[in-house]
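Shared chain: chain A. Partners: chain B in the first complex, chain C in the second.
Then we have the complex of A and B:
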C-alpha cells in the first residue's frame, strides 16, 4: 500500500507549514463569524451551527499541525540527536530544520487552541 | 576540504590595488552618487537618527505644555500637529528606517558578501526616504503638518475643514516612504537567501539574519494594506470618492482595519530587529554561543506570524461582535509565548556563560527590564474588558512607550555602542555612556511610569491641556521632569558620538572578541570582505582557526577584481553552495534622479499641481527605464569566471536561480497583498450593507468577462514568447507584439464595464469600489504592456537572446501575477453581484 504520509522534501518553506495553518484557521474563524454576524438576518443558519462548523475546522487544523509535527519529528530523526545542530553538514542542517519546524508546530498548536477557546464560551453575536 | 589559495606579497598587493579601485567610493560632491552598502547604510542611519531627534524635540514641546494644568504655551492646533508628527516620525521615519539602515550596513559583512544584490535599489530607497521625510517633517514649519493623529482616522482626517493639506502630506509623503521600505525588504530577503558565504547553511546563519529575514517578509504583508488604504483615502480627499463617508455608503471602520493590519505587525517589525541586535550582543558578552538557536528561530517566525492576528485589539471599542474581539484577544495573549521565549534564551545564555558587563549589555539589560513592564501591561490591555476602561487614556501611552523604548530604542542604543568600532574603528566612551544610560533609564521611568496612574485616573490622550484638581497635576509634572532628564541622556549620547576621539594606538578589528563574521572587516577599506570565506561554524571567529589572517591574505573566494566590475558570490538557499558570480551595480546618478523625480510626483500631487505631476512622472519613467536598460541583465563578455580556489562560476543566470527573478517574485507578493486588501474592502462593504450595490447598476457581466478572457490570452502569449525565445527571436517577437495589442484591448474592456453602465464613483461607495479595483488592474495591465514592449526592444537591440533571457523570464513571472489579479478582479466585479443577489 502506498503511504499517505508525504516523502521528505528539501525546502525552506516546510518551516512555515504549521504557522500558515494557524493563519488560515484564524482568518477562517474571523471571517466566518464576521460574515455570519453581519448577515445573520438573511441566512438560514443558527450560531450553534457556525460554532460547530468552526469546531470541526479547528479539529482539521489541529490534525494538519500534528501531521506537520510528525514530519518534522521524522526530519529531526525522531529526536535521536540533541541540539544545537550546528554541524557544517547537510545532516546538521536537516536536523536543525526538523527541530525548528517541530517547535513551531508546537507553538501553532497552542495558538490554534487559544483561538478556539472563544468558540466554547461565546454563544451569540453580542456587540 | 578545499585547498586555500596562496599568493606572494606582490600578487596580494596587486589584487588589493584592483579591489580598491573597483570598490572605491568617489570623492568630492560625487560622493553622493555612491551606492556602496556602507555609505548608504550610514546615511540612512544618520538621517533616521536626525528625524528621531526632531520628533523627540516635539515630544519635549508637548511635555512642556502639559507640565501644569491650563497651560497656554502652545495652541491646541500646534499641539495636535506636534503629537501627530511625533508619532508619525518616530514610527515611519525612525523606527523602521533605522533597522533598514542597520541591515544594509551590517548584512553583507555578517553574511560574508561583498555587497547586497541590488545596491542601486538601496540607494533609491535612501533618497526616497530622505526626500519624503523632509517633506513630512518640514510641514510643521508652515503650520501645515498633519493634525489628526498618527493613524489618521476618518471622518476627522477626511474632513477638509479640519484636516487641511496636512492629511495629504501624511498620505502621499508616507506612501512614498513605504515604497522605500518595500525596496529594502526585497533587498534584505534576496540578500539573506542568496548571498551568504559558501558553507553558511541555514543552520549557520547569524541570528540577526534570521530575524531580518522574517521582518522583511512581514513588511511584504504589512505595508501593502496601508498602501491600499492610502489609495482609498487619497481618492476620497482628492476626487470625493466616498470610501469612508457614511452618508454615501462608506465606512470609516475599513480604514481602521487596513491601518491596523499594517499597524500591529509594524510594532513587531520594529521590535524584532532590535531583539536581533541583542541576539548578537548577548553571546559576545557571555563569551559563548547562544543557548537555544532553534528556539530563537521559533520565536522569530512565531512572532512574525502571530503578530498578524492582533490588529483588532486596537479596535476593541468599535462595536465589533464580542466573539471577533475574543479571537484577537486570544492571539494577543498567544504572542506572549514566543516573545517570552526569546527573553528566556538571553537569560539562559548569560547564565551559561561568563558575563562581561559592558555598555551594550547595560543598555540591553535596561531595555529588557523596561520592555518586560510594557509587555505585562500589554497582557492587561489585550483583555477586551480591561481595554474598554483603559482605551484612549494615558495608560495606553505608558504601555506603548514602555514597549517601544524598552524593546526598540534601548537595544538600538546598545547596538550603536556595540557596532561603533565596526563603523569607525573607535570605541565610544565608557564614562559618558554610563552617565547617558542612567539619565535615560531614570528619566524614562520618571516620565512614563506616572502615566499609568494619570491614565487610570481617566486622563485622555491627545488633549492639549487639562483642568486642575482632577488628580492629574502631580503625575503630569513628574512626567515632564522625567522627559527632560531622558532627553539629557539622549543628548549626552549624541555628544559622545560626535565629539572628536583619539586614534586607537593598536589596530584591533574585533575589540569585543566577538565570534561573528562581520568583525573580520576593516572599516578603512571599501571592499567589505577581502576574500569571501568558507564558513563551517555559527561563530567562525571563535571556532575557525586562522580565519582572519586567511581572509586578509586573500586565500578564499573572489580575492581579486580582474574584470574591473563589482562582484559578489551567489549561493544556494539551504546549503549555501556557490552558484553564481554576481555583478552588482556601481556608482550611479540614476537611483538619485529616479527617487527625486518620484518624490516630485508625490509632492506635486499633494498640491494638485497636475502639470508638474505629469512632468515628474515622465522623468521617473524614463529614469527607471534607463536604469534597467543600462544596468540590468547585461550580457557579459565571458560566460564563466574564475572565482578562486579552482572554481569557475557563471556570471549570467536567469529564471528562479537568479536574484532578479526573486526580486520580482517578492515585489509581486507585496503587490498581491495590496490587491487582496482592496478585494477585502469590496467584501467589507458587502457585509456592512443589506444591499451593497445600493440599487446602483453594476458593471454587468459582459465586459468584465471579455476583459478576463483577453487578459488570460495576453498572459498565454507572454508565456509563449518566453518559450519561443529559446528557439530564436522571430516567434518571440511576434508573440510579444500580439501580447501588447491584446493587453491594450484587455485594459479597454476592463474599463468598459463601469464606463458603459454609467457608474458614478462619487455617488456611492459601490461604484467607487468597482472603479478603484478595475483601475488597479488596468494600471497593472499598462505596466504589463511596458514590460512586453521592453522585452521586445531588448530582443531587437540584441540585449535579450535565447541564451541570455532574464528579461523575458522576469516579465513572464510578472504576468503570472497579472493574470491572477485580472481573473480575481473581473470574476468578482462581474459575477459576485449576481451571486449575492
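Then we have the complex of A and C:
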C-alpha cells in the first residue's frame, strides 16, 4: 500500500511546521475568546460552544504537531544515530534537521497544551 | 529561640565561618521581611476571601518554586561531588527528565492550580444582583470615588477614600481619565488595571473591620508613587449611617467657606451644599474626616493642608493643581482650617 506521506521532505519548512501550528493556535484561541467576550451580548452562541470549538481546534493542532514529530523522527532515522550530526554531508544535514524538528515539535506540543489549559477552567467572560 | 541561635552563631569565633557583619545584615533583613508580611498593606495578611486566595496561591507557588530550586541544587551538588564521569547515555537521561519532563509537569500543575483558583480570586457579580456599587476613576494622581444607588445613579462623590461594609461584596467599576492606572488593595484582593475608555469590574469583600491601604500599581507619571488611597471596612449599619450622613453633608464654617469661594477654589473642587461645584479636582465634601491628605501622601493636619495649598507641586510633582503661595498666609491658614473641619 502506498503511503500518503511523502518518503522524503527536502524543505526547511518542516522545521517550522510545529511552531507555526502553535502560533496559529495561540492567536486563534486568544482572538476567538476576545472577540466572543466583546460581542457576547449580540451573538447567539454560548461560551460553552466557544470552549468546545477551541477544544476541537486544540486536538487538531496537537494532531498536526504529532504528525510533524513523526516525520521528524523518520527523518532522524528513528533515533538510530546519536546527535550532534555535525558532519558537513547531506546525511548529516538531514539528520540534524530531523532532530531539531523533533525537539521543536515537543516544545510546540507542550506550548499548545499550556495555551489550552485555561479552556478547562475559565467558564465565563470577565472572570 | 531562632534569634538566640542565630546570634550565638554570630559571636566571633576562631574560624569565623559566619562573619559578624553578615549575620547582623541577615538579622536586619529577616526582621524587615517578617515585619512586612503584616499590616494594612500586605497580600500575606489577607482581610477578605479574594485576598486569602491570592495568599494561598502565593504559598503554593512558593512551595512549587522551592521544590524546583531544591531539586536543582541537589542535582548540582550531586554532579559536583561525583568522582567518575557519567556515561553519555545516563547524562542524556538526566537532561531529559530533570531538564524537560519534570519541569514541564510541575509548571503544568502550577498553571492549572492558578487557573482553577481564578474564579474565586475574581468573583463575578451579575448586573441584576443587588450589591454595593462604587465607581472609581484613576486620575493623575488621585482617585475619584463615586457611590452609586440601586439604579446606578451617582449618590455622591468623594476622593482618595473608599468605604465598604464588612461581610458584603462591594462591586467596583474601574475607569481611567487620562492614562492607564491600576487599582490594588493588597489586603483585600488582586489588582485590576484601569484603562481609559474601558470599565473594568472588580469585586472585593472585607471580612474584618479595619483601614486598608490601596495603591496605584501601574506607572502613571511623576507622582505615581504618591497615588494611594484608603479603604475603610466598617459594620453594615455604620456604613448605612455614613451614606445617609454623607448625602446631607454641608459645611458649618461660613467664614472659611467664604475665603475658599472668594479665592476660586470652587472652580476645581466641589463641596456639597455650597456654590463650590468644580469637577476637575477631588470633591472635598467631608474632607476633614479623611485619614490622609493628597492621596495618601501627607498626614491629615491643618499645617500640611496649608503646605499643600501653597505649593502642591513641591509635594506631588506633576500635579495639576497650581500653586497658591501668592495668597495671603492668613487666607491659606483659614482655608486649611476650614477644610480640616469639614465633616
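Here is the rule we go by: the second predicted complex is superposed on the first by the 122 of 127 C-alpha atoms of A that agree within 3 Å, B and C clash if a C-alpha of one lies under 4 Å from a C-alpha of the other, contacts with A are read in each partner's own complex, and residues count from 1 in each chain.
FYI, a residue touches a chain if its C-beta (ideal position, glycine included) is under 8 Å from a C-beta of that chain, and two chains touch if they have at least 3 such contacts.
All of these numbers come straight from a predicted model, not from anything done at the bench.
On the superposed three-chain arrangement, identify whether chain B or chain C touches more chain A residues.
If we count touched residues of chain A for both partners, the winner is B.
In the overlay, answer first, second, both or neither for which of chain B and chain C A:42 touches.
A:42 contacts chain B only, not chain C.
Kindly classify A:22 by the partners it touches after superposition: chain B alone (first), chain C alone (second), both, or neither?
first
With both complexes overlaid on chain A, does A:120 touch chain B (first), chain C (second), both or neither?
In the superposition, A:120 contacts chain C only.
Applying the touch criterion given at the start, work out whether A:84 contacts chain B, chain C, both or neither, answering first, second, both or neither.
first
By the touch definition at the top of the document, which applies to A:96: first (chain B), second (chain C), both, or neither?
Once the two structures are laid over each other on A, A:96 reaches chain B alone.
Quick one: is A:111 in contact with chain B, with chain C, with both, or with neither? Answer first, second, both or neither.
First partner only.
Shared contact residues on chain A for chain B and chain C?
Touching chain B in the first complex and chain C in the second, residues 110, 114, 117-118, 121-122, 126-127 of chain A appear in both lists.
Could you pull out which chain C residues touch chain A in their complex?
Contact set of chain C toward chain A: 88, 100, 104, 107-108, 111-112, 115-116, 118-119, 122, 124, 201.
Which residues of chain A touch chain C once you look at their complex with the stated criterion?
Residue positions touching the partner: 82, 106, 110, 113-114, 117-118, 120-124, 126-127.
For a test of understanding, state which residues of chain A touch chain B in their complex under the given definition.
10-12, 15-16, 19-20, 22-23, 26, 29-30, 33-35, 37-39, 42, 83-86, 88, 90, 92-93, 95-97, 99-100, 103-104, 107-108, 110-111, 114-115, 117-119, 121-122, 125-127
Note which residues of chain B are touching chain A in the complex, please.
Per the touch definition, chain B meets chain A at residues 193, 199, 201-204, 289, 292-295, 297-298, 301-302, 304-306, 308-309, 319-324, 326-331, 333-334, 337-338, 535-538, 573-575, 687-688, 690.
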